[in-house]
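Okay, got some structures for you below.
In what comes next, chain A is part of two complexes: it sits with chain B in the first one and with chain C in the second one.
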Partner chain A sequence: MELRKTTVRQAADAVWKGEITAHQLIEKTLKNCSVLNEGLNIFTYLAGIDAVEQAKAVDQKIKNGEKPPLAGIPVAVKDDLCYGVLPTGLGSPAFSEFISPVTAAAVERLMEAGAVVIGKTNLDDMGQGSTTLSSPNGPTVNPWLAGRTAGSAGAAAVATGVCMLAVESDSGGALRQGASHCGVAGLRPTTGRVSRHGLNAHCSSFARVGITAFSGEDISEVLDLISGFDERDAATAVCREGISEIIKAPGSKDITIGYPVTAFDYLEPELREIFEQARERFAEGGYRIEEVDLGLLREGLLAYYVIAMAEAFSNHARFDGIRFGKTAEADSLEEMYEQSRAEILGREARRRSIFGAFLLSKDNYGRYYRQALKIWEMVRQEFETVFERCDLLMLPAARSLPRSLEGESGFLEGWSEDLYCAPVSLSGMPALTIPAGQVDQLPVGMQLVGPPFSEKMLLAVGSASGSTGK
Partner chain B sequence: METSAAGLEKAIKAIKIGLSLPEQDHLHRELEELLGWLEPLLAFNTGETEPLLFGHEAVNVLREDHPQEGRLAELQEAAPNFAGGFYLVPKIMD
Partner chain C sequence: MKYEVVIGLEVHVEMLTGSKLFCSCPNRFVAEPNVNTCPVCLGFPGALPQLNREALQQALRAAVALNCKVALYSYFDRKNYFYPDMPKGYQISQHYIPLGSNGFLDIEDEKGELKQVGIGRVHIEEDAGKLLHEAGGASGGSSMVDYNRAGVPLIEIVSEPDLRSSGEARRYLEKLKSIMQYAGVSDCKMEEGSLRCDANVSLRIPGDQSFGIKTELKNMNSFRAVEKSLDHDIKRQARILDSGEKVVTQTLRWDEDRQETIVMRGKLEAGDYRCFADPELAPIELTAEEVELARQNLPEMAAERARRFVEQYGLPEYDAGVLTASRCLADYFESCLEHFNKPKEVSNWVMGEFSAHLNNAGLEADQASFTPEDMVELLKMIDEQVISGKIAKEVLEKAFVSGKKPRLVVEEEGLLQISDQSELEAIIDRVISENPDTVESYRGGKGKALGHLVGQVMKATRGKANPQLVNELLVKKINS
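Presenting the complex of A and B:
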């Protein structure tokens, strides 16, 4: 069975029918992972024997007459999500041996459904970034073009076919940009749909747990399984009484797609052309296109970074060598803290924590942080206004093609890549990245953004409209 | 208002991290770049908009009030040093 040519449904069916056992599927997957990992640097840890044991347990369930919906499906887990068997490295050398006492809720739910965790995937320093360029393990290489970053290692794992699903965090757009750079599909769900329990969020207001897969169709197989109320994450309380899903059939005249004309002005001409072509394809497919105004992208990006840095300052406080991380040898308590934290926090995490503390200081709180909170509200209102006229909105996922692995660029250049993703994070609304085209042998993805709990409509439209990464 | 250098020094102290002088100089240059980057944010007219404090309508999750065993043993294992019910820090007095 070649995973890149198989859907999640087909693979689980094959395991149910005994055409292949979960054990065989996972053995093969692990072999492929080892080979590909050498060149692409996708995994920080491979599950090995543990994955085989998980697969054997799935085979036993099937022998007992059960039909786990994700029987034997190999899943990669981003290394800021806890899985109690493998280390949770967080992109910090100080956590390379840290085994969390908990397993993330989304991972637990996938495993209950029969999926098998095959490894943890690479990430930026403390999960802060959309490139893996700040990872202490080195960057993950784009499977489409060596010399470019993959954006997210989970997307690279899916694009190469070593696994069928990746569970990933997304704050400012790592999941969505990774999917764009690797030519696969990636869903950031509505706030509250998927529990964040077990996620080490650097930015609690915007961090979400999402899914990357070959296609929207594969994500559809998984979404309900990982969604729902979890008493360990108060934001999921919205799901306790059941949510009102927005569902509309793809290709229908009933669906209006918002096209924010001026938003594309930030793109190079060859990228802009991809979205003009996508717009035409949507129109030919029977959708109504409506031009809309989305004028707060730049301000949304800036507000996102102010809030994210302030929250990183707070969230990283626990990494002190006493509660978490390794305790540094030092002569005094003060020195012990300073050295422990210097070993735990890498360059990006230091930068964001220190600037976060600066922006929250007495002199700066009102000017920067409070101003950012106001713009957060304005961005949320702007998206709400768009969805009064439209059912969904198309946007680029990334501002440019994947960054080169060589050469230094300024940190603000990297942050500016989040121009199209960070404002969507502020809105709290769901977004699906799907492949839209190619430039210079590299895939280019687009985001479909919808109102709260419109994931099923996004996935239906995305599955019908986007090419897959296969 | 204090200078960005003085503010940065306080911020570094606040997060308790050991940085060399060249690192501090580098961060100061980056902070100046950041403040320039954020200028459009300050210039933006937000009118009467109230700040958003929560991105979602979270409500308290009420659990039944009964004693639970807890997971202290597991959490102890995750800490670097733990003994006698306490997280251990280096001695500060002889």
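Presenting the complex of A and C:
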């Protein structure tokens, strides 16, 4: 069975029917993983024996007459999500042997459904970035074109076909840009839909747990499994009474797609054509297209970074050498903190912590942080206004093609890549990246953004249109 | 003194709840370190806080008991600073919008008149862990952290600078403690740290509108220490001002051994805590109905209870006031009454001997090993004339210290009252023959002389003689 040509449904079916055991499937997957990992640097840890044990347990369940919906499906988990069996590296050398007492809620639920965790995937310095370029383990290579970044290692794991699903965090757009750069589908869910228990968020306000897969169809198979109230994450209280989904059948005049004309001005020129073509395809597919105004993208990006850095400063304060990381030998407490933290946080994480401390300080709180909160609200309202007239909105996921692994580029350049993703994070609304086309042998994805709890509509539209990455 | 004293108090109170503020770890003291901990209160990556609704209810009760305006919408902020007793590198508190504000409580001022002391804010926050410093070694010893206390729910109660003397400060604390105890919010045991107090104090010329330069006093472990350290610093500040110098803004620590304040931090470091709303917690939303309900459901407070003690038990107002000053003591008193329904007698013993021993030992009534059952046993022995009142005091003291049952103390110490007539007669005969002059003066009409003879008998029996019987027998013998 070649996973790249199989849907999650088909693969689980095959395991149920005994055409292949979960054990065989996982053995094969692990072998592929270790081969691919050498060239692409996707995994920080591979589960090995543990994955085999999980698979055997799934086979046993099937023997007992159970039909786990994700029987034997290999899953990759981003390394900022805790999984108690493997180390949770968090993108810091200080955590390379850290075994968390916690397992992320989404991972738990997928495993209950029969999925098998294959390994932990690479990420930026303390999870801060959308490229893996700042990873202490080195960047993950794009499976489409060596020499380019994959954006997210989970997307690379799915694109290469070694895993069928990846559980990933997304704050400013890592998941969505990764899917775009690797030609797969990636869903960032509505705020509160998926529990963040077990996610080490650098930015709690915007970090969400999402799913990357070959296609929207595959994501649909797991969305319900990982959705819903979890008493361990206060934000999921919105799902306590159940979720009222927005569902509309694709391809009908019933669905209006918002087209933010001026938003595409920020794109690298070679990418613009793809979105014009996508617009045409949607129109041909019977959707109504409505031109909308999305004027706050740049402000949204800035507000995102102000808030994200402020929160990172605070969220990462615990990594001070006392409870976490090695306690440096020093003469004073101050020095101990300084030296211990230098070991734990890399360049990017330190940069953001320092900016965050600056932005929250007495003199700057009103000047920057409070302003950012206001912009956050304005951006949210801007998206709401769009969805008064539209059912969904199309946006690029990234401004340019995946970055080169070689050569230094400034950090501001890296941050500005989040222009199309970060404002969506501020809105709290769900977004699905699907492949939209190719430029220079590299895939280019597109975001479909919808109002809260419109994931099923996004997935239906995404599955029906877009070229799948296969 | 020519200066007016201005004092404001910041009080932290540990709330009584089943579990900690943001996790399900038990909220109770254990000696073994780091037992009451979990990924949430240890700040593990990926473990998110969940607000304990019971703690919110307790804080709400505190706010309404202190006559505060309750914010229907408030939220938690992070107070960011590095210290090893804080596992997350920040404390979750309420900075921008406190749960309660603009409250007050009543105390007696220096002239004995009723005075309203403003309460600026009542807010919820989490406690930090505890640092244990190990002395010695060439490396200067090491420090260890116990996180059992980390995440324990606290409320901080900040008074307005309305207090004008150390005595008022003490009465404010006593009143606050009584209210918190009666409301069931906290046991307020200062010695155990469930009530902690910092004081700000400054002096100014009476009539001045602006405040003088203040100092902050810390590390006071009892109400007496608060009063003494305030007095100490008021005198110090007055001396400085008298000499024409300026008081320096600083934080001072009360040294109980040396009975003086010691400078902790030269200057008040204007700490920048970089407070911002905690993005991991939902805002606190209350309805006006919930607040009203909390107000209505407030339990009986000290004054009400004192009134009831006067009406129900016929106690003098003084007794009722003393007994109800502490909820524990009032509870103790009422527990005794359940099995020994002589209120005034119980009151005398609880207010008198029992309270004296509590004060000496620095205990609250519910911490004493001498339980209400023991008190009842003791009172019944007096009632049944098994022991005299005088012996009972001795028994109480021994039982209080040793934790033994009063009856056992009586048996072990041979304190049973001598009511055996023949035994007493022999002693009385001896006393009569040894004190012929006194006997004569009694016979000559000096009634007082009898008292002396009774005293001699009691002395001879080490107080164990039944005094009533001794009296009877003496009169009979002398007159025969």
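Methods note: the second predicted complex is superposed on the first by the 468 of 470 C-alpha atoms of A that agree within 3 Å, B and C clash if a C-alpha of one lies under 4 Å from a C-alpha of the other, contacts with A are read in each partner's own complex, and residues count from 1 in each chain.
As a convention for this text, a contact is a pair of C-beta atoms (placed from the backbone, for glycine too) under 8 Å apart; a residue touches a chain by one contact, two chains touch by 3 or more.
Treat the numbers as computed from the prediction; the structure is a model and nothing was measured.
Ranked by how many residues of chain A each touches, chain B and chain C are led by B.
In the superposed model, A:Lys63 makes contact with neither chain B nor chain C.
Looking at the shared chain after the overlay, A:Ala104 reaches chain C, while chain B stays out of its contact range. Once the two complexes are laid over each other on the shared chain, residue contacts for A:Arg350 go to chain B alone; chain C is not touched. In the superposition on chain A, A:Leu426 contacts chain B only, with no contact to chain C.
Shared-chain residue A:Tyr337: touches chain B and chain C both.
After overlaying the two complexes on the shared chain, residue contacts for A:Leu81 are found with chain C alone; chain B is out of touch. Look at A:Leu412: by the touch rule set out above, it reaches chain B but stays clear of chain C. Shared-chain residue A:Ala234: touches chain B and chain C both.
Once the two complexes are overlaid on the shared chain, A:Leu199 sits against chain C while remaining clear of chain B.
Touching of chain A by both chain B and chain C, each in its own complex, is seen for residues 100-101, 205, 231, 234-235, 237, 313, 316-317, 320, 322-324, 333, 337, 357, 361. Residue ranges of chain C in contact with chain A, taken from their complex: 39, 42-51, 78, 80, 82, 84, 87-90, 145, 272, 274-276, 279-282.
Remark: chain A residues 98-101, 191-192, 205-206, 231, 234-235, 237-238, 298-299, 302-303, 305-306, 313, 316-317, 320-327, 330, 332-339, 341-342, 345, 350-351, 353-355, 357-358, 361, 363-364, 367-368, 370-378, 380, 410-412, 426, 428 touch chain B in the complex. For chain B in complex with chain A, the residues that touch the partner chain are 1-2, 4, 7-8, 10-12, 14-19, 27, 30-31, 33-34, 37-38, 40-42, 44, 46, 49-61, 63, 71, 74-75, 77-81, 87-90, 92.
Note for the complex: chain A touches chain C at residues 80-82, 88, 90, 100-102, 104, 196-200, 203-205, 231-235, 237, 310-311, 313-314, 316-320, 322-324, 333, 337, 357, 360-362, 365, 369.
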